[in-house]
Amino acid sequence: MTLLMSHYNYWIVVALMMVGFFIVIAQGNLVKKIVGLNIFQTSVFILYISAGKIHGGSAPILNDSITVYSNPLPHVLILTAIVVGIATTALGLALVIRINKAYGTIEESEIQQRDHSC
Amino acid sequence: MLFATAIGIVLSRDLIAVVMLTGIYGFLSASFFVLMDAVDVAFTEAAVGAGISPLLMLLTLAMVGRKEQANRSRNFFALMLVTITGALLIIGTFGMPEFGSANAPAHTHVAPRYIEQSGAEIGIPNIVTSVLASYRGFDTFGEVAVIFTAGIGVLSLLMLKPAPSQVPLSNGARHHTVLRIVSKILIPPILLFALYVQFHGDYGPGGGFQAGVIFAAGIILYTMFFGVDVAQQVVSSAVLRVLAAFGVLLYGSVGLVSMLNGGEFLNYSVLAENPLTGQHIGILVIELGVGITVAAVMVMIFYCFAGQQSKQVEAEE
Amino acid sequence: MNDAIGFLSGALLLLGSFLIFTGALGVLRFPDTLSRMHAAGVTETLATTLLLMGLMLLAGWSLVLLKLIMILLFILFTSPTSSHALAKAVWRHQEDETKGGRHD
Amino acid sequence: MLAVTTFTLILVMAMALIRGFAGPSIFDRVLAANLFGTKTVLLIAVLGFLFGRPEFLDIALLYALMNFISVIAILRYFEHTQKAEEGRSADE
């Protein structure tokens, strides 16, 4: 029971990560694959942020009345990671649009069919 | 609840529903970050995860269609793989430190120094900003360069051809009087709020990344109501390209100036007589650079997507 | 005086919570889209106002109060607007369906 | 009182989520997303007071803004596709 209480955040992370992973490998639609990648990404964010939390800690903005702060380092890393994440997502979506133009579909199986038939 | 939303995304076939659930998912994870004391991160995630990324997905869907095909052939294999990987990872978590304990290895090395010393060394209350902009300035410079590169990538993939001259507002929402007036009232406060976030980043949650996204959101709102063409008369894409490059250059030149003044690259202490003042100036300027780049790249990406869409609609009509 | 303010803000918060809850219940239980929208849109503004008023009483005179007022104003602007846009879209969609028999 | 409000808000968010899953039409989902967003704004505000650091209301403001933008975006998008679909069906 104590193990359950003290590690639940990691389990949530693992579960989310696996859902994202499942979408990426099992779904044929390219847009949905990108959504899956996003979920995977968010699970990593949550892992970092929850590692930075300290019980009884407060947000890392200095204030005289507060003594315990949560760890600011993961916050910095994740903050930049999110913005880079949106940039890569945009790039992926742009690729999807180009693929749609070239093949007329965004289903993986159909794209492969066309590649083989050529 | 995060997990439930994720499952919903897996099960849903209609891609618009997927996108909307992604938006809800973004809100949820952002609230989670607030609970975890990561206010700066929550700020960014709210703007990006719940705002911009569903928007871009919607624009993509508008072009590629919203129905997903049934494709269940590899499901069993995939499920097996996922379960095995998940089980292995869960076994791995038993070695991890307890959630929230103050003695975890992550808290014992460099972080205490940041917490104890940054107030004296940098002189601004928000530790996240001081670490981001000063201690890890190199890293952030790299991130800005990555964003800039991604912007260029999208631009080269979806190059916006000079659109044929259209009647203004042809693509806008002329019949939505209420929406247009409300958004007209709202856009100036949004831009003002972005500036507040930009310059208040030293004292509260906020900074260049968030401010850039909010600023972009304001312009995107304008574009949605008045059409890409009208918005481009206000902020043309050539200006945006120059601005995006200018932000990166501003960041880099701060580093060079500090080198000229006898310090290391991106060491702001030498920018002024008093090291603390120098740090203040340095952080303010590089945050401005970050903000300009992020805003310009986001709007640029949005123009690319929206421009594609309006072209397609024209072609269909 | 302080007790009175605390009591008042508590009452406002409780009332707001109750209204929000009824709204969500309506959204969950009502049979069709327009009535669901009615449940959400009507309760939303009043409940939000009540809740934020309660928080304002707790905040006292400070920057926080100003931010709360801004949030309140913002919600009062946007919430009816988005309800309006949504209702218009639903209305049009339903008109289309009854006229042309075209489904989605 | 704050705790009660927080609890109610979380409950309401869960209900909105159910509507978001179940919602038969696209508009129900938009409605659920909108409801969810507003409740998140309130939740953040209330949580700030609950934890005793109410300086972070900027986040709530940003949430309200993003909520509005995404709802409008979805509706505008829907109009667009509908127009395109009409165009297509007129061609046929």
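Going in written order, the chains are labelled A, B, C and D, and every chain counts its residues from 1.
The rule we apply is simple: contacts are C-beta pairs under 8 Å (C-beta built on N, C-alpha and C of every residue); 3 or more make two chains touch, one makes a residue touch a chain.
Computed from a predicted model, the values in this text were never measured in an experiment.
Applying the document's contact definition, name the chain pair with more C-beta pairs in contact, A-B or B-C.
If we tally the contacting C-beta pairs, A-B comes out ahead.
Measuring between Cα centroids, which chain is at the maximum distance from chain A?
Here the answer is chain C, farthest from chain A.
Measure off the straight-line distance from the CA centroid of chain C to the CA centroid of chain D, and report it in whole Å.
The mean C-alpha positions of chain C and chain D differ by 11 Å.
Where the CA atoms of chain B average out and where those of chain C average out, how many Å apart are those spots?
28
Between chain B and chain D, what's the gap in Å when you average each chain's C-alpha atoms?
Taking the average C-alpha coordinate of chain B and of chain D, the gap between them is 19 Å.
What parts of chain B, by residue number, touch at least two of the other chains?
Chain B, residues with two or more chain partners: 39, 59, 61, 179, 186, 204-205.
Of all the residues in chain C, which ones touch at least 2 other chains?
74, 78, 81, 85
Got the chain D residues that touch at least 2 other chains?
30, 32, 55-56, 58, 61, 65, 67-68, 72, 78
Sort out for me which residues of chain B touch chain D in the complex.
Within the complex, chain B contacts chain D at residues 1, 4-5, 8, 14, 16-17, 20-21, 23-24, 27-28, 30-31, 34-35, 39, 42-43, 46-47, 50-51, 54-55, 58-59, 61-62, 66, 173, 179, 183, 186, 190, 193, 196-197, 200, 204-206, 210, 214, 217, 220-221, 224, 309, 312-313, 316-317.
Once bound in the complex, which stretches of chain B touch chain C?
So the residues of chain B touching chain C come out as 176, 178-179, 182, 185-186, 189.
Quick one: in the complex, what on chain D touches chain B?
13-14, 17, 20-21, 26, 29-30, 32-33, 36-37, 40, 43-44, 47, 55-56, 58-59, 61-63, 65-70, 72-74, 76-78, 80-81, 83-84, 87-88
Quick check on the complex: what are the chain A residues that touch chain B?
Within the complex, chain A contacts chain B at residues 3, 5-12, 14-23, 25-29, 31-32, 34-35, 38-39, 42, 45-46, 49-55, 57-63, 68-76, 78-80, 82-91, 93-98, 100, 106-109.
Could you pull out which chain C residues touch chain B in their complex?
Going through chain C, the ones touching chain B are 74, 77-78, 81, 84-85, 88.
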